[in-house]
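For reference, chains read A, B and C in written order, and residue numbers begin at 1 within each chain.
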């Protein structure tokens, strides 16, 4: 059914703080397929949010993406960029190799982002409708090939009659609010963020992310700040949108319940690296990495509510470069750790029983012919192992 | 009063922040200058000698000119060079007094006024703020309306009005360094300008009171204060044991920063002629204005000392804010 | 609209209480001051009887409470009393000096705002760059330099050394200068006005410029770190519009507040600056009155400045509530 929309290779994002260098994301590689939901799970501080923001090019100083390629499937853009051979490979464009202007034009049009805390991600001094309409307007202007110069700014700032947002864009914003099931959208559009409840504001945020019909939605902990009952509604909405719009969703969360509900595939992140990735049911039912096992073991289950919960001993390592444990970063907390674990840093390799399931652990049951197809070894965008069929995902 | 954590973060800040260290060094040297003025000043700052007036600072001047002078009862024409000399490295004023010595003594006046005005303001302001914030209700409304009234006047106008009410009160105290016989040929007494100190305090306590009140309100709602109250601790006891110690850091940070304002107000008042002492930076700047065209250094030198002192305080203020209040963004240099 | 009226009404009521306090305080100043105005007004060889007569004429023999009621009702009717020295109405004298101070304070404010805000934004946007470190250094100097010394140094450099720009006096007011320009097509009045304004404006405005620069820079830096700025970037908003609508507007609240609060400071600062430039304004008038213990004059100036400050603050609160919809107008 599908092929990759995004192929991330060796993404490395670091923060250069007063306390030292923080390796937030260390050489992450993965593919996002058309129309799928890929969940990235991990504890706080595992680097999952930074991964999402790196894709949106929203890393601010003192942070920086120091390495990696971010191939995006866009035949049109690839055709436009024939004079940049380095940035083009077939229908794919390396977003990191193109000019900042092109990169910016992708954000908001092809990529939409849903932030963790909707209360913080809306400007308190503008109405919600206006902010969504801005996103619509930006996209419309881009589509018309218009640029926004100083004269536009002066007109928008000085003339009370002139506004950046056109009436049509505002109408579309109201439609979007309706689309995400906000009751009485025309009236709510004129309200300010602080007049919204958390759940409603998260819906408004999704509406804003949808403003340009994005191909990829990056949802960074979309349910974390919300009540459980409201969480279910948001997840339902995301699932519905994925089916309606065909957008792929990168769902960043630490809530495994949410993952089981909606994700086709799940990637487990630990200390800035992907330690396991595969179809959600495979990862949940047959975890190949002791960390994933530990993560799942720390959850209460419905099957046996009285079963003891086993927390993972210890804490997520500090991501400061000079304080990272040698070898496998999970080794100090791992029940199965051996001396070998502290010697080598394992890479993602296919599990013997299922090549769509990969794990980074030297003790896992790795397929014999692993090495060559290892994702991390690829220098150029390889076509990844086939995506799983929808049929076998857990939520169905 | 200062916790270990506070001390460690201060130490770290001082180590990591060179600019702030410079500020602290500037301030310390000003303090030393004020304390040891009689030892450090090369001359008596009040010693007049018209034969060496208007001498420029070292490395300046050098033109020769003929003047008539009375020497040994005779009027003679002599050729003089007005080059700066090492004896008066910052030159001399219209009465031949040593500018460097006057400036060193001027630091004394500024620092004495700054410290005593801040001490008075801290005591009054903290007390009012604590009472107002802790007891709230009617006490608070009345005190805060009074604060509003004081704030409605520009600080300088109200200090001037206070000067009009208080007149010119000064206290003359013997200079301990001179009295102990350590140095001679220096003024034996220091003049403390009480009027200016009180006038400035009449404004500054309000600034302190406002912050103290805010801190008291915040601390009052902490659970440990509620716990102390349920245990039957008296209100005054709670303020002394819990509210004050938890409010004191921001109050002291504000106090440090406001010392800069006090020094500027003090020099303004001296400049306008209300100092009560002639050994002050503002007074010398005003005196030098009459000779701006010929002796530029007279107004320039004391002003530079004010700027250096205030820069030092401001840098220290930034440092304290950075180290003790992570809520405030790191600003400044 | 109703909310706004209620808000204004409440703030005005509070303001009236403070202004009443201001008038009362100022009345008390005169009462506790050691000056005996009768002594001041009487000729040197006056007999005790004459002095007593003058005291009676001034109402100083009345009980203090009666004097207070008399003074308060006078102020309410716009009567600030008579000068001890010239025996002319205080209000008329103040109105004569007011334009000089207002023009100076307004010019200093405009100078401070126009110079500080763009520089603050640039500094924050290019944090750590040369423009940032230079501006920071200048602003540190600006907040650390007494305005009268800066004034004298400018006189020394600009007028004594370079021989340009006048250094004292205010030969013509703005209104007269404009009248001259409009009705007699004579630009000389305006040129002279501008020339005399330049040095005092810079001397008075520099401190506030430095202060507002720091506030703007810190405010913009804080806003730049907000998630909604990232979100706006994420949706592709043009950077210039983003800076205006998302960063500047929200970081302006403290700038507006301080600008309002510092108007009092500008008036206070003008006392010293006026004295350097022999500028005929409220500050010069206040100092002159202080030197001769002319309390009615000082009282009048204090009341006027205090009431002006209270009114400005109400305006600032209102503007801030408008800028920031989260502040409830109630």
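In this section, a residue touches a chain if its C-beta (ideal position, glycine included) is under 8 Å from a C-beta of that chain, and two chains touch if they have at least 3 such contacts.
Note that the coordinates shown come from a computational prediction; the quantities given were computed from them, not determined experimentally.
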Topology of the chain contact graph, where touching chains are joined (line, ring, star, complete, other): line
Which of B-C and A-C has more C-beta contact pairs: B-C
Between chain B and chain A, distance of the C-alpha-averaged centres to the nearest whole Å: 57
Separation of chain A from chain C, taking each centre as the mean of its C-alpha atoms, in whole Å: 54
Chain B and chain C, separation of their C-alpha mean positions in angstrom: 24
Residues of chain B defined as touching chain C within the complex: 145-146, 148-149, 151-158, 160-161, 163-165, 167, 260, 264, 267-268, 271-272, 282, 285, 288-289, 292-293, 296, 299-300, 303, 306-307, 310-311, 314-315, 328-329, 331-333
Contacting residues of chain C [partner chain A, same complex]: 224-228, 230-238, 240-241, 244-246, 249-250, 323-326
Complex contact set, residues of chain A against chain C: 53, 56, 58, 60, 104-105, 107-109, 111-113, 115, 117, 120-126, 131, 134-135, 138-139, 142, 148, 150, 152-153, 156-157, 164, 192, 194, 205, 208-209, 211-212
Residues of chain C defined as touching chain B within the complex: 17-19, 21-22, 25, 29, 32-35, 133, 136-137, 140-141, 143-146, 148-149, 152-153, 155-156, 160, 214, 217-218, 221-222, 264-265, 267-269, 271-272, 275-276, 286-287, 290, 293, 295, 298, 301-302, 305-307, 309-310
